[in-house]
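Each chain carries a letter (A, B, C and D) given by its place in the written order, and its residues are counted from 1.
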């Protein structure tokens, strides 16, 4: 990370040292909120924001996010996790407790187009996004200079049909134990199921269309052919079904007959980078719970 | 109400007979959520949706909305209110407990332009909005036939500079004990502070501009003069400061140099009716807490 | 048409009696604009608005719309058409000259859901749309009272799999020589190729999704399943390929995990009526040229 | 300019070497379009796009933009300007003929906040914007490294109340004969009338609110206080009336009670950079005619 980034991070740590976020999902049942509230109250936590949602009043799935401050939290983090385990077990929760001072480690994958990569680096520098970036991996050498100017290691791993398996092995070796989330910032290779299995729910992609319209290749060309009046972009978690993973965020922009394919790509690029940056930001702030191929974004 | 409306209402009652919403605001302090959750849990309430927000982690204002179902609620409504009073007092809450089967009674005020009135009547008929409408009051006679075709009483109370005081007295007499909320659906008279004092936080207005731009009269004419590229509408609670009350909802639509004042009015009218209908809907569903001239919309 | 509609129409005629619109498309070639401009200039026409577009600087398709006023146009309409034919032939134009005082005659087809029908009737009454409506045809009897209250003839023609052919014959007999455009305002029957062939480029449909996402049946259910973050509606000309005709207008609205299928339908209904009304308005004002399964909207 | 920029420029020149744009405004009168069309036709120009607009059918102001290709234009540019002068004089036109191969020279003024500067540099590098940038001027030294990394000269000219006059003299001396347009990319000093008089209609500002709401200082703080539900940004030409010049482009983004001032600034920053970049792009492509404190954007 470069000097500006370090400066921003210091300010972030000062603000967030006693801040945590609890994400929960389980079958809805009486007493969940009361139990969680009591747990936090007994530990002198101050709830800053709390959101809940139940898919169905009777027998539905329950979702909850609580953001809270707790004095002297740093020394208490492990204990807190251990203690909450009991509450969680009672209700058979899937859950995650994240401490804001433990930055998420984010790898960025990119191919030739730089706009999404650049937006992420820029927002990391400005403090709009907060994460560690241990590496950028690309199947092209083009962005080495850009990435290294941010003091971020850049790895060029070419991918061909023949070498894909080896390339993924090489990627996995680099990533191992070093990253919490992978962002595909217009990475134009399809990851194998084996790769995806290593990071379930932890790979974020940007697709250059308003999914499920124009699944697959060349969406702007096809949008042009179809004569749509709005073009869009979609950020989603990657699963083994191409472009079918849980949608995190989407947006669109109005176009008309005057826009050629090149114009759609140019405007689409602006949508892509803002949609991806929002999705990544929500993931980094532990705002997203994926369930049954959909997301709850609190 | 006409036959279609009655039919919709029956369906609504079937769905909502055991449903209530609790709105709370107070100074933030430890234990609020725990206390409310426990209160509901002890009474076998099932929380369907819960939203909280605190303006500031330390010493801020706390806001909460809980929507819950409770078996056999009907027989228990008064008790529930009385019992919650204790919790409320502990935390010095401002609060309101609304039962979905007790329809809000909504008076509509209108002048010559009908589009907002028509949208409200239509959404009441389609079931998108649910309220009783004991009366429509207008300073013009034009919409009697329309209103009465919905089986809603229509009162024509002319207003001139000289008769304004008497007119408001007449309005207040009609409204007394009969309405919970008043919607100004392009009612082009300014209500006196005396009138407003009878319904604090209970009068919803639609202003035909994106406030605070173009406060006051002739906003579309002034938007045209200024050459803005977006026009908008704003729904807000009425206070004694003209167009300065808490904003509930706003929206805009893109325009360009081709749009004359008449076009701005026409397009603006469509924004007005959707913005007003959304604001009214949120009020009817007890989603809004007004505080310090702002709204929290859950 | 009812009294209010008649009143609006009179105002419209007063404003538009000398107003015409010329729509042109042909292969791009030098001199088209010069020839059209000279033709109008020689006849003392005053061009109010003119838009042109060429798909490609070299060898592309040329599109033009000219709106103009001409003194005493009424007596000159037939001559004008005949005289322009010469210009048109020189450039092998497809073209249409529409006189604003000759109202388009619009039939509306509807099934059970009334929101799109109601929006059209309402905008016709308010003067936002201007057309004659010689008939509303429905495969259900439900909206007779509503339609007849606007003094518009209502025809109930039931359609079953077995009777579809006869039903369409009956519809065609009613429409014959009486309508210029047909609007499918949530008409839930698929028209046969034989029917469509009678009104090429003259049938406007509203599809309840952001096409090409969710082509076909139950789009809101599928949008809910897919977990999209925006829902939309699409108005398009009807061709023989289901939901594949030239798109006229689209719009979207943001939704989130809290929205159930019913909410998507309710919000989608509001998008549908505004999108359809805009598309119909542009058609009535001769703003649309369809070409190669796309539209140019000037 | 750096290497990437040079590469993009070469591609731009290859595409645009025979391309010109003619902007016209004058009192509406018969024969303008015919005369312009004939002028271009006689010179074998191929009209690629043409837009016209008249404020009023009778006695209004006429606006026109014609984009055209002409073989071998390079050798003919001066002649073309001289020859069109005759047509222009006949109709008393204000007009401008721009040749796409003569890049506009754009100076950027910036203060401490970098996001708008960065967006412009980035879009210049990606080819989304095309201009020469002979200099960036700032009243703070902070962005020297960034600007110089793009091979663009950076001048630090501090401004205090006392030195403002001298500072502007220094700026004017640097700019003299070197720039066609000045972009204030969050330059937080108010330019004096004397300065503005040197570049009438050629200074583009970005204001961090949806004008005319929140004219003047601290718009995000005031937006927060007012509790608006949408925040926006406005790009406009600079005149001597603060924030009152002709509006070029505006956009908004939805916010709610959860957004603190810092959030509004962060989100607003994203709106600012996209709105400013669009406005600058339209100016560079000669799409804007300012007239009577409004803009026509073709």
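Assume a residue touches a chain if its C-beta (ideal position, glycine included) is under 8 Å from a C-beta of that chain, and two chains touch if they have at least 3 such contacts.
Because the structure is predicted, anything quoted here is derived from the model rather than measured.
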| request: Would you mind checking which chain's C-alpha centre is most distant from the centre of subunit A? | output: C
| B-D versus B-C: which has more C-beta pairs touching? | B-D
| message | What's the distance between the Cα centroids of subunit B and subunit C, rounded to whole Å? | response | 36
| message | Measuring centre to centre with CA averages, how many angstrom lie between subunit B and subunit D? | response | 43
| query | What positions in subunit D touch 2 or more of the other chains? | reply | 49, 53, 258
| query | Among line, ring, star, complete and other, which best matches the way these chains touch? | reply | complete
| Complex interface listing, subunit A residues touching subunit C | 53, 63, 210-214, 226-230, 232, 246-252, 256-258, 293-297
| Which part of subunit D faces subunit A closely enough to touch in the complex? | 49, 114-115, 118, 122, 126, 128, 149, 258, 266, 270, 274
| said: Touching residues of subunit D toward subunit C in the complex: what are they? | reply: 28, 30-31, 33-34, 37-38, 40-41, 44, 46-54, 57-58, 69, 254
